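Each of the next two complexes has chain A plus one other chain: chain B in the first, chain C in the second.
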Partner chain A sequence: MSVGYQAVGWNRQKKLYDRTLALGVGLYLALFLAISAAVNPNATAETLVIRAFGTGALLLLHVVLAIGPLCRLDRRFLPLLYNRRHLGVTMFGLALVHGLFSLVQFHAFGDTHPLVSLFTANSRYDSLAWFPFQPLGFVALVILFLMAATSHDFWLANLGAPVWKALHMLVYVAYSLVVAHVVLGSLQAETCPLLTGLVGAGLVAIVALHLVAGWRERALDAEHAGDATDGFVDVCAVDDIEPERAKIVTLGGERVAVFRYDDKVSAVGNACRHQNGPLGEGRIIDGCITCPWHGYQYRPEDGCSPPPFTEKVPTYDVRVTRGRVLVRSEAHAPGTPVAPAQVHAMGSRDA
Partner chain B sequence: MVHAFELYVAIGIAFAVAFVLRGANRIDPSARTGTWGFRVLIFPGAAALWPLLLVRWLRADSGTGSETP
Partner chain C sequence: MPERDEFYVGYLPQAPPRLAQRTRRVAALLVVAAVLIAGGVALGFARLPRATFEFGNEKTFTGTVEVAPYPALLVRRPGNAQGLPKFSRYHLVAFGKHGADEELREWDGQAVTLAGTLVHRDGQTMIEIVGGSVRAAEGERVATGAPEALGEHRLVGEIVDSKCFLGVMNPGNLKPHRACAARCISGGIPPVLCVRDASGAAVYLLLVDRSGGPVGRRVLDYVAEPVRLVGDVERIGDQLVLRFDPREIERL
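Let's turn to the complex of A and B:
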């Protein structure tokens, strides 16, 4: 959170995540190199490295792209999301090794500057089947570099959320370029259709996951149509909200997270100030709403992060009447204190 | 074209050294207590985005812009 930037805010989960990631990547590279060397004894070491790191990056890129929709579909995938940026930076590292080895192997030993050679060695830009695939990979690598280089929270804070988000949405452009790079390269250089088939299957899986998750999100964004009284909208029964959890509703075009905790109900804006994580999919930990993505915390009573942190989210007026939760559809300014509604009034079972 | 790219990168690297040591502190108060590891991590981004950051730094020094957007 926004006090004194560190390189990495290490904790037990992040260490475990990174150890698992490093082990997985190391195992993949070792297995790929060993099997490829056995199957293709004539292949040079450089070629094997290019293929091992390229396919490793491709695999991780699919994992990175799948995590978002998987978490929307099933909360059990949330631990994968927690440190996704380290996955992304690792994926860029693998792609960089692939790119550098390729540049040296194919373009560094002629009279032409390697970068010029990259774009001019194959000039069949008018052919679909023989289109130069290496420049596509280079442009994708530049995008992945920009994403990795701006992955620290400093960049989110200083580029601003809209610019940072737009920059990181370029991952889909990079993915398209990578798919074209691999398919064209595979078709032009190899006779075995295995890699092309796997990339096609990966593309179908990524598109399908995004479509299914998007369909589920549409239902969430439907404006809540409960009865409105004095600007208050009946959003659900108290019992519809699990203790220490929230129900997400849409009011006035905005998603609102309605939390139940300690026999009280409070409502705040659903978007975490960090990376727009869904606060309503988090839970109350140590008295604070805790974002499921990266653990940013906010007090339910005023939407403020506990000191010394300074993030704030909007708050909403809440009532509980005859076991129903009513929320005013107009938000207060971020950080405005709002008294929580009591689920059970003093001396009675229902307020 | 290649020379222009190399010039951009060279200026970016020189700028990034100054930015991680002083500029980041000027445009973002939270960077003042940032660790050395943090400064190393933002170096590549500073080298790549130096024209944008130069403008932010100059604005922060002249007091005409907000410190964080």
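Let's turn to the complex of A and C:
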């Protein structure tokens, strides 16, 4: 969390993350280039650079796309998500090198502007097998550029969460275009089943992870069907909520995080104001709800981030009656103070 | 603290110990996977044939310029040609994706020296000339002479741009290179039909239209695809030429 904007809010974990990323990317490129030069000495240097950076970007894109559903399935993967935007920007950097080298190699120094040539040199838009695959990669690169350029929290705050989120969901369009780019391009000239197999396995893995994670999420989105009294809905037993943790329920079409802490229960909207992280999968630290994605914090009593931070989430009225938790399905405006429900009556442990 | 109770907050200096250990293992696995995939993918790409662009190694050549159908430099073979044509025929092209027609038009039939970089593959040689390097030279002028007719043939192959295919790019053919081949041929690089026999050995035929002129952009829609061409094959010096009608190219 930070009050102002910095290019990168460096901390020890981010440095560790980025060093590991640099090591992986460096090893990939060095090995790919060295092995390719050894086994394919007749390939031109530009070809090797295009291949190394293109395949590296594709591999990294798979890692970026896999982290989200992996974290939904097992929260022990969350450390990989913390600095995922650096993965994304690095992936874009690799793709940009691939794209620029390809544009110069295949389209520059000719009788037509390279960007015009990119879309017109291969005219077989009427054929799937001979379809121009390079424009597909170009459009994907434009999307990845927009994502990389707006990855900073400055853009998240200024574009607004819905626009920012929609823009960054375009990564799935970019991924589809990249897969088509590879299948209709390089794979058309290669016969090794390993290359086709890797692209296919990557696609299957990404689709399967998202389907499984989505299936798990469906249960969360089922409207809670508990008894309603005075607008309060019975959502669970107090003992269903682990101490300092939350249970996520859906009320009025919204996910609500119901936290238990210090013999009290509070409920807030489940979506973190930062990047819509699931607050209900977080925990109470130093008296504050702490988002599992990037550690943004909110006070459970009023949904406000502690000063000097200014983020706010909606709050909900809560009651505890005979060991059951009841939550009013209508949310208060973000940042509205709501008295927590006491689990045990004051001065008693037997209520 | 049990592992399930550990909670990661990225801006705190230390990650919970078990989560940190597990994350180190996952990161190590990812790095190992990256190394294995780098090796597998690099080994998976097809081996490329020898084709050379002597980039950065400019040389001076002396010979006779012949502009039609595509610019070439005729260079007398030194010593005993042992049954080969008395001169070698080097394709001449300009920098980038451009033919050398404009630069050489005024030198047609004249003896010249010029500077350039060699591109060669399978006995075919091309010179990428250095712009403005052509100078008149003393010495004998040679001419191609009458072509030797080798009859009508029905040929299956791939139309490639000769500059990339001979070595400026490698690979310089098939689908990934299609757009570049079209750009090169559009810019005046001579198109060549590459025909392979059962053993994979390649024969190259320079493509000209029925009147013997350049086919240029009329073949752009067919580059890099398997095609069948019907026409008259001729031998000009050590160069095979296919005279055909570009409107009759057949996709396979």
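In the analysis below, the second predicted complex is superposed on the first by the 345 of 351 C-alpha atoms of A that agree within 3 Å, B and C clash if a C-alpha of one lies under 4 Å from a C-alpha of the other, contacts with A are read in each partner's own complex, and residues count from 1 in each chain.
Heads up, the rule we're going with is that a contact is a pair of C-beta atoms (placed from the backbone, for glycine too) under 8 Å apart; a residue touches a chain by one contact, two chains touch by 3 or more.
All of these numbers come straight from a predicted model, not from anything done at the bench.
Participant: After superposing on the shared chain, does chain C or chain B touch more chain A residues?
Facilitator: Larger number of chain A residues touched: C.
Participant: With the two structures laid over each other on chain A, which partner does A:82 touch: chain B (first), chain C (second), both, or neither?
Facilitator: A:82: touches chain C, not chain B.
Participant: Between chain B (first) and chain C (second), which does A:183 come into contact with in this model arrangement: first, second, both, or neither?
Facilitator: Neither chain B nor chain C is touched by A:183.
Participant: Is A:158 in contact with chain B, with chain C, with both, or with neither (first, second, both, neither)?
Facilitator: In the superposition, A:158 contacts chain B only.
Participant: Does chain B (first) or chain C (second) touch A:100, or do both, or does neither?
Facilitator: In the superposition, A:100 contacts neither chain B nor chain C.
Participant: Tell me, which parts of chain A touch chain C in their complex?
Facilitator: For this pair, the touching residues of chain A are 1, 9, 11-14, 20, 23-25, 27-29, 31-32, 35-36, 39-40, 42-44, 46-47, 51, 55-56, 59, 63, 76-80, 82-83, 105-112, 117-118, 121-124, 130, 132-134, 184-186, 188-192, 194-195, 198, 282-283, 285, 290, 292, 294-295.
Participant: Mind listing the chain B positions that touch chain A in their complex?
Facilitator: Spelled out, the residues of chain B in touch with chain A are 2, 5, 24, 27-28, 30-31, 33-35, 37-38, 40-42, 44-45, 48-49, 56, 68-69.
Participant: For the complex, which residues does chain C have touching chain A?
Facilitator: The contact residues of chain C facing chain A are 3, 7-15, 19-20, 22-23, 26-27, 30-31, 34-35, 37-51, 53, 95-98, 168-171, 174-180, 182-184, 186-188, 220-221, 224-225.
Participant: With touch defined as at the start, can you tell me which chain A residues reach chain B in the complex?
Facilitator: Contact set of chain A toward chain B: 2-8, 113, 115-116, 145-146, 148-150, 152, 154-155, 157-160.
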